[in-house]
Amino acid sequence: MIVNKETIVQLASVQKRLDNRTLTEYRTPIVIETGISWTAEGSARVRIGDNIVIAGVKLSIEKPYNDTPDEGGIMVNAELLPLSNPEFETGPPGIKAVELARVVDRGIREAKAIDMKKLCIIPGEKAWFISIDIMTINDAGNLFDTAGLAALTALKSAHFPVVDESTGAIDYHQKTKVSLPLVKEPLPVTVYKINGSLLVDPTLEEERAYDARLTVTTDDSKTVSALQKGGTAPLTIDEVGRIVDLASEKAKFLREVLNKALR
Amino acid sequence: MSNVLVQERDIVIPGEILAEGMDYLPGENTYRKESAIYSKVLGLVSIPGRVIKITPLAGPYIPRVGDKIIGKVSDITLNGWRVDTGTAYSAFLNVKDATTRFIKKDEDLSEIIAIGDYVVVILVNVTSQNLIDLTMKEPGLHKISGGRIIHINSQKVPRVIGKQGSMISLIKEKTGCDITIGQNGHVWIKGTTNGEYLAERAIKLIQEKSHQDGLTERMQKFLEDKRV
Amino acid sequence: MVYKKRLDERKVDELRPMEAKAGVIPNADGSAYFKIGNTVCYAAVYGPRELFPRFLQNPKKGLLRCHYSMMPFSGSGERIRPGGNRRSQEISMVMNSSLEPVMDLSAFPNSVVDVFVDLPQTDAGTRCAAISAAAIALADAGIPMKDMVSSVAVGQVDGTVVADLNYNEEAYLGIVSDIPVAMLHNTKELTLLQMDGEISKEDLIKALEMAKIATERVYEVQKKALKERFSRE
């Protein structure tokens, strides 16, 4: 909507937004639920405002990669379901879905959030592999942060399934009490630059009006584990510094909401 | 012997039986099968006299001649603009129906109305296949600039306008905004940032609560409390 | 061995617990959440909207197009590869033919009404749940429909006719038949009828008679969900 785009751009320069939020405010409510899929080893439904994303974790036993014979693996897939936005089409994931999956994947992988060595069962032969699938239910803007939060929540809620000792087969109908070896809690926060101002948690319309965006994944110790810049406008080094500060502050806020919800 | 099985303002679902016997007539959004009348949509029952009809609670906008709508320009052709009506059917605005001023043969039409611009227009022709012609030459019709556009379900438009425009006048007065409502559910609001935000919330609230009683009083109170 | 007591102790004609809600996806023109036992669906309706490719357009009425999809983690075993398969294609097709008979899309020539159903968890009866969810979402979208469509499976487990088989019953050792049906509320006509397994004609008719009661229970849940969406406070 060009009218709204122009208004969004004008308002941003005076630190205002169409929905009267401050620039650094997330939408409400933020609702985090786990165990929404009994068939998954871990699952979560996250709602930020009208944004709704489901993530599910499946575990399987596979042969480790040759270069890391004593480690398991992780894979993130994202689907922008046509159910969630009239502009999404059926068919194989497009570039938006691929980018979303890769940004969430890198944030978890590079933070070494999962102790991959603890996923190994027999070196060179058997290890646990983790698949995280992110499914959008309603896209109201800011899928990066919502998907990252859903993925971390699903990982936190996951339990290993029972393995038959004699056959080595997984019994997916029974879960053990053992959680995944999750040692850090990385969360992506995307900061958008519109008309010189920096803001978080954009609506769909704000997403159409941005000049640049930077997704920053930080863990509990504020270490940065992944970056992804988007948009056509450049960013100054000073802006990157401010964005990282804002992102780690907001990641801390989301982590608190998450841990309160799971308590 | 006829028997009406529902009451005025009851909510009914598609296929729900409304009346038995031949004394009543099936009105809008209903149908008769054998001796009974059934609803065809989710909506509210209305029984003016011997007719039973249903006012839908949701549903697509159906283009009608004379309707004022807000559309978005999606394409420019040799002799005019293609306008997205927010439905399955786009409409056409011919150059001669867009402006009273003379347009030279090789003039750049995007200088007059560009792709992405919103226009307030009236439907002048709708064919059985829903091919639609528009005009922008009557008073109050124009290209939109500034403010914000929101979307509501087109079935709620009459409630947002209110009886003789009472509801929309109330919102305009309390928020100090100019508001234009398209029959297709696009609404243009222009005023101060706070005024626009309040008007948007008020209109969304009417959309949510449109089927409830005492809406005007409720809106009066909402706008008094939040007055800017 | 005769199947007298059901594995989950339900009565023969008892359905698993159901839950339904209309209007759960704000972007959609109509939407629904539907749960029966451990099978869960989200359904969203978009349209009527412009139909491409153009050769599919019908100048007399709009087209209904259903899309069924299981989420990769929703199966009871290993992860399912995303992207659809022959099974999801077939289910999308039978959903279409189950719902089409009640739809009145004559006011929307050349357009399409898309219905998307995605399941985050399943435990048998997914196509029936998908149809029941889609019917709520279509009504919620305000699309004209002559009747409601309610769907549930009936069948026979080791000589006993039952309603709404779960996964364990479908996998029961012995003679089992699973008959997903969809029924129109007013006329009790069938718009979905499939079967896996073996059954006698007598038991088939008995099962279909039981489907009348079973689909009526689904109907009550659908009706409640739609009325609650707009109930007065």
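Should a chain be cited, it is by its letter among A, B and C, assigned in written order, with residues numbered from 1 in that chain.
The rule we apply is simple: a contact is a pair of C-beta atoms (placed from the backbone, for glycine too) under 8 Å apart; a residue touches a chain by one contact, two chains touch by 3 or more.
On a predicted model such as this, the values are computed, not experimentally measured, just so you know.
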{"item": "Reaching chain C from chain A through chains that touch each other, fewest steps", "value": "1"}
{"item": "Pair joined by more contacting C-beta pairs (B-C or A-B)", "value": "B-C"}
{"item": "Cα-centroid distance, chain B relative to chain C, in whole angstrom", "value": "33"}
{"item": "Chain A and chain B, separation of their C-alpha mean positions in angstrom", "value": "38"}
{"item": "Multi-partner residues of chain C (at least 2 other chains)", "value": "49"}
{"item": "Per-residue overlap in chain A, given as positions that touch at least 2 other chains", "value": "none"}
{"item": "Complex contacts: residues of chain A adjacent to chain C", "value": "36-41, 43, 50, 52, 54, 56-58, 60, 77, 79, 81-86, 90, 92, 131, 133, 135, 137-140, 170, 172-173"}
{"item": "Residues of chain B touching chain C in the complex", "value": "11, 13-17, 29, 31, 33, 38, 40-43, 56-60, 62, 87-90, 128-130, 153, 155, 211-213"}
{"item": "Chain B to chain A touching residues, read off their complex", "value": "72, 116-118, 144-149, 188, 193-194, 196-197"}
{"item": "Chain B contact footprint on chain C (complex, rising order)", "value": "29-30, 47-51, 59, 62, 102, 104, 107-112, 139-148, 184-186, 222-223, 226-227, 230-233"}
{"item": "Residues of chain A defined as touching chain B within the complex", "value": "1-4, 6-7, 11, 16, 18-20"}
